[in-house]
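Here the chain labels run A, B, C and D in written order, and each chain numbers its own residues starting at 1.
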Amino acid sequence: MKNSMKIGVLTSGGDSPGMNAAIRAVVRACEYQGVQCLGIYRGFQGLIEADFKELNARSVKNIINRGGTFLKSARCDEFKNSKGRKKAYDNLINENINALVVIGGDGTFKGATAFQKEFNFPIVGIPGTIDNDINGTDYTIGYDTALNTVVEAIDKIRDTANSHNRLFLVEVMGRDAGDIALNAGIGAGAEEILIPEQDMGLERLLESLDKSKKSGKTSSIVVVSEGDQIGKNIFELAENIEKNLKNYEVRVSVLGHIQRGGAPSCYDRVLASRLGVGAVDALLNGETNVMVGIVHNKVKLIPFAEAIKSSNQFDVSLVRVADIISI
Amino acid sequence: MKNSMKIGVLTSGGDSPGMNAAIRAVVRACEYQGVQCLGIYRGFQGLIEADFKELNARSVKNIINRGGTFLKSARCDEFKNSKGRKKAYDNLINENINALVVIGGDGTFKGATAFQKEFNFPIVGIPGTIDNDINGTDYTIGYDTALNTVVEAIDKIRDTANSHNRLFLVEVMGRDAGDIALNAGIGAGAEEILIPEQDMGLERLLESLDKSKKSGKTSSIVVVSEGDQIGKNIFELAENIEKNLKNYEVRVSVLGHIQRGGAPSCYDRVLASRLGVGAVDALLNGETNVMVGIVHNKVKLIPFAEAIKSSNQFDVSLVRVADIISI
Amino acid sequence: MKNSMKIGVLTSGGDSPGMNAAIRAVVRACEYQGVQCLGIYRGFQGLIEADFKELNARSVKNIINRGGTFLKSARCDEFKNSKGRKKAYDNLINENINALVVIGGDGTFKGATAFQKEFNFPIVGIPGTIDNDINGTDYTIGYDTALNTVVEAIDKIRDTANSHNRLFLVEVMGRDAGDIALNAGIGAGAEEILIPEQDMGLERLLESLDKSKKSGKTSSIVVVSEGDQIGKNIFELAENIEKNLKNYEVRVSVLGHIQRGGAPSCYDRVLASRLGVGAVDALLNGETNVMVGIVHNKVKLIPFAEAIKSSNQFDVSLVRVADIISI
Amino acid sequence: MKNSMKIGVLTSGGDSPGMNAAIRAVVRACEYQGVQCLGIYRGFQGLIEADFKELNARSVKNIINRGGTFLKSARCDEFKNSKGRKKAYDNLINENINALVVIGGDGTFKGATAFQKEFNFPIVGIPGTIDNDINGTDYTIGYDTALNTVVEAIDKIRDTANSHNRLFLVEVMGRDAGDIALNAGIGAGAEEILIPEQDMGLERLLESLDKSKKSGKTSSIVVVSEGDQIGKNIFELAENIEKNLKNYEVRVSVLGHIQRGGAPSCYDRVLASRLGVGAVDALLNGETNVMVGIVHNKVKLIPFAEAIKSSNQFDVSLVRVADIISI
């Protein structure tokens, strides 16, 4: 069976550091297992346009340390309707591809599920997104790197906060999940952390900042998740604080896209390597419609249906730690 | 004369990486030369409030690698009128301080000049600002570090730009001087660089981006100086590009305050060490009303009047290099 | 009971990045819980010499991002005999300290166990070592940072390896545990990884390198754990390779002490914060003779006796991943 | 004349960060000027073996931020005799290459000079080496990056030195030139700096370290240039210090090859871009047998004969600064 196998691999959705390491692992696991591997450019769009390229072990050298994805990624509205998906299917059949590895987030897995239902085509997913908002895996590829990027950026901002006795509001990514804000906030020594899962309310924030000032703190960092619910946006929040707390000089910093890029951390490279190998193992074992995740440091398979469930869970014990160490 | 000497040192204006290294050098040069040294907290404000602390060689250990300024900095409107300056003078006299080293930018040197005129008090300045907008010195302390910070940030953004075939507008600091934009733009391989000294005009920018796309470039970075003159701001510029160039997906990233902080580069540490030693040398030689700068890799003295002249010069040859290598 | 509580905290053994974050969390958890906290300098040596200092929430500001330990660490032969330990005990009683948090590795926990047995003194440990060689916890504080440091260093070395078509042997820390070598080796894309837990043998290494060259690889990295068993040391190994494989130009790089220092990664800061809070929780709950560890991302208590067991386990599945992705 | 021009570019000698940026600038300047450009792999060896590849503006995308040289480098004994050089010449003529840009250090320029004398072939050099040991240019490409790498490494080592009250001897590159040691030593806050240009002598070093200890310093870093003259090597020096100064615990760290690699600093990227453009300008102006260097921040031409002169100069004022700030 192996001999007739030909696996296609693509990245889709927002890029994340470690996607290249995952592609590399898929490609090399294919070569190791004696199956062919085809790279599909620009995600589902490239599937529809038959933008393919054969890949072997040497094609993926010197990319484990690079951010982004050399297969590129793209939005693809066409794949959302069955006509587009049919084109994609025809291209796969034409090219004799008989299994897919898709690397991305929940949008990617939703697309894969729809495709899988229509054509009963073997697909295994790998969670690649900095947001860590995929259910059923402890970590997504790129999340650990993004945490380090955020913490390094806030370390720099704190130099200025300390030098000028200022309050900085720092916006980090995470529209639905506060994982980045909560962990990077603890790591950066933030005084307050605002996450979408929990509405602190403006009043409690003001109280806390006031108390913090009175306790002798001369500068403060507040980490704000994109999806936070206090006010319209971070600039309005800044105004509200300056209006209410006269003794604070407030500055805003929106970290933005630097959070998506950069050389992946060791953890993300190892995770990506394990999941890439695991995805090829899974396909060779006849698995489909599942994501390869990491649970308690072991590679596990999780049905797509499970993975795309929004969990909105967050680690309450971490919130307690954040409260204690910002005393 | 030495024995009776007591030098006060302060940092003022926006903080910059290497200010701590400069303070350390001033303090240790004082100890080396056998003169006393007093740290003045929060710039001119601390001078007015007599917020002083004796410093010796051991007080400044383990700070050469830290961003910001441990003496802190602050705006000080009071120092802008003669009543405030008189208070400051009285405090200096009370404390037997008979010379000052002020580390900062042109605002700092203007304040120092006014003070010097009124009280004929020995003052030497050290240029500390990331903007490199001080006349008469090839480099200001913090500028080299800021360039590296910007370039590292854009390297990360380019990962995403490449992965998604996007155009990114990246705003960097520099209200009046395009030095950061021009050098970091070349270093980051930007396709276009917009600086305050030269108004490119929207049309020429659009033309150039269009040509760039047609030449086969799939992603682009445009580095925009804060003080750039196209449009109201960078967000309006982004809208204008998307409106006029249909094939571009545009994103904006405002790097903001991360540019001010961080561990100083080796160059900034060495520069700060040389200028700190040079400032104490100058005061011991009876100099006053001058800035210690670096010209052609040698420590030089430049009158404050010269240093605060706005030059609006920029290196035309660099603009040519930028044009050629972004082909 | 709380009101009468006074907790001493010390760091012992080799320093690791995140120790400062752990101390900070212990100190702030004490303040949060309303118990006093005393810093003990230079580990067990400072215990014997009564080198103590009161710490409060403000004493530990701006240290979460710093490598090393501001409480310092030291070897202490005196604590290995009961006379020394008696002195330490007397000092604790004199100072009204009635519980200890010790941060370090297995040597630290062995000392703590001996002390605990003799005086029935409440002690809780926190695993701080880059080697990840403590039983019963998934991670030790500093390990994740060390992995990133190693991977960044090898990324640099690979630039030269690639440019010159060379083979580099890179020695990393880990006398008894190959965790750093195995994970950083995968992360750095090493062709071979030599760990103490598994003797590959010179012949198999030579065979593999020869095969690698023939497969078209022009440069190679071999990551070698300190405790590896091929030959006397890494320099002899290099000679053996050059002697046996004529087409290889070999260079050696011993990464050494850079692996111990540096700003901790976000993961290590969060881990240290959680374990520091957990240690104080444990003492307040009447626990003793246990280490606070992290198991499956939850804070757990592990008896010292269990923690210091040498396990010599390693993740066989990781070795397979390493083999596959270096194809 | 332009139309018939075809420029070959190669890198030779030890690689240095920024070489890729220089190649990129040469290639794009060629395209800008309308002349053809050919990449020559593995330095002079590739010249002899006709290992050529056409390069255009798109061939050099995404390399400005990468260490090493994608054209690779190699030692080439064959180019040292006229027979080898004749082969190289024939290949150039066959390929219609009528000018060369060589990027490297003094070995490279010596080879170029010999070749130029025999065949009167237009050659322009670009100084690429981390050692900054080329005469007639203020900076060589890669030097600034290497300084930052060394300073970051020593910052990490200092964490451990501080935590354990130890003395670290850190060996840095520079067989003949102490520029790296002197500048990185100042930047890293070293207590002593040993450079090849000045023999301090063991006794004076011991005296100074002893005095340093007595002044209250608890840890120390001594930066040692490869070419330093005290003792046989750094390990012997460590033994000598431990033997003579009982109160010091000494450790050795040899930084080695990490100094050659890594993403180039902004300065090196800009410098490489300017010199690359300058080299093509020079060839188009009919220049030959010269190096393009940077003097007082301006691009200048320096005859090879001048560039390869060993100068053994060092900045005495920097030694004074080092002495003062390590007080």
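Odds and ends about this structure:
We take it that a contact is a pair of C-beta atoms (placed from the backbone, for glycine too) under 8 Å apart; a residue touches a chain by one contact, two chains touch by 3 or more.
Model, not experiment: these values are computed from the prediction.
Of all the chains, the one whose CA centre sits at the greatest distance from that of subunit C is B.
Centre-to-centre spacing of subunit B and subunit D amounts to 28 Å, using the average Cα coordinate of each chain. Centre-to-centre spacing of subunit B and subunit C amounts to 39 Å, using the average Cα coordinate of each chain.
Each of the following residues of subunit A touches two or more other chains: 155, 158, 162. If the chains shown are joined wherever they touch, the resulting network closes on itself as one ring, and no chain has more or fewer than two partners. Listing the residues of subunit C that touch subunit A in their complex gives 24-25, 28-29, 31-32, 57-58, 61-62, 64-65, 138, 144, 147-148, 150-152, 155, 158, 162, 183-184, 186-189, 215-217, 263, 265-267, 269-270, 273-274, 276-277, 296-299, 315, 317-318, 320-321, 323-327. Per the touch definition, subunit C reaches subunit D in the complex via residues 11, 14-15, 17, 19, 42, 66-69, 72-74, 149, 153, 155-160, 162-165, 168, 251-258, 260-262.
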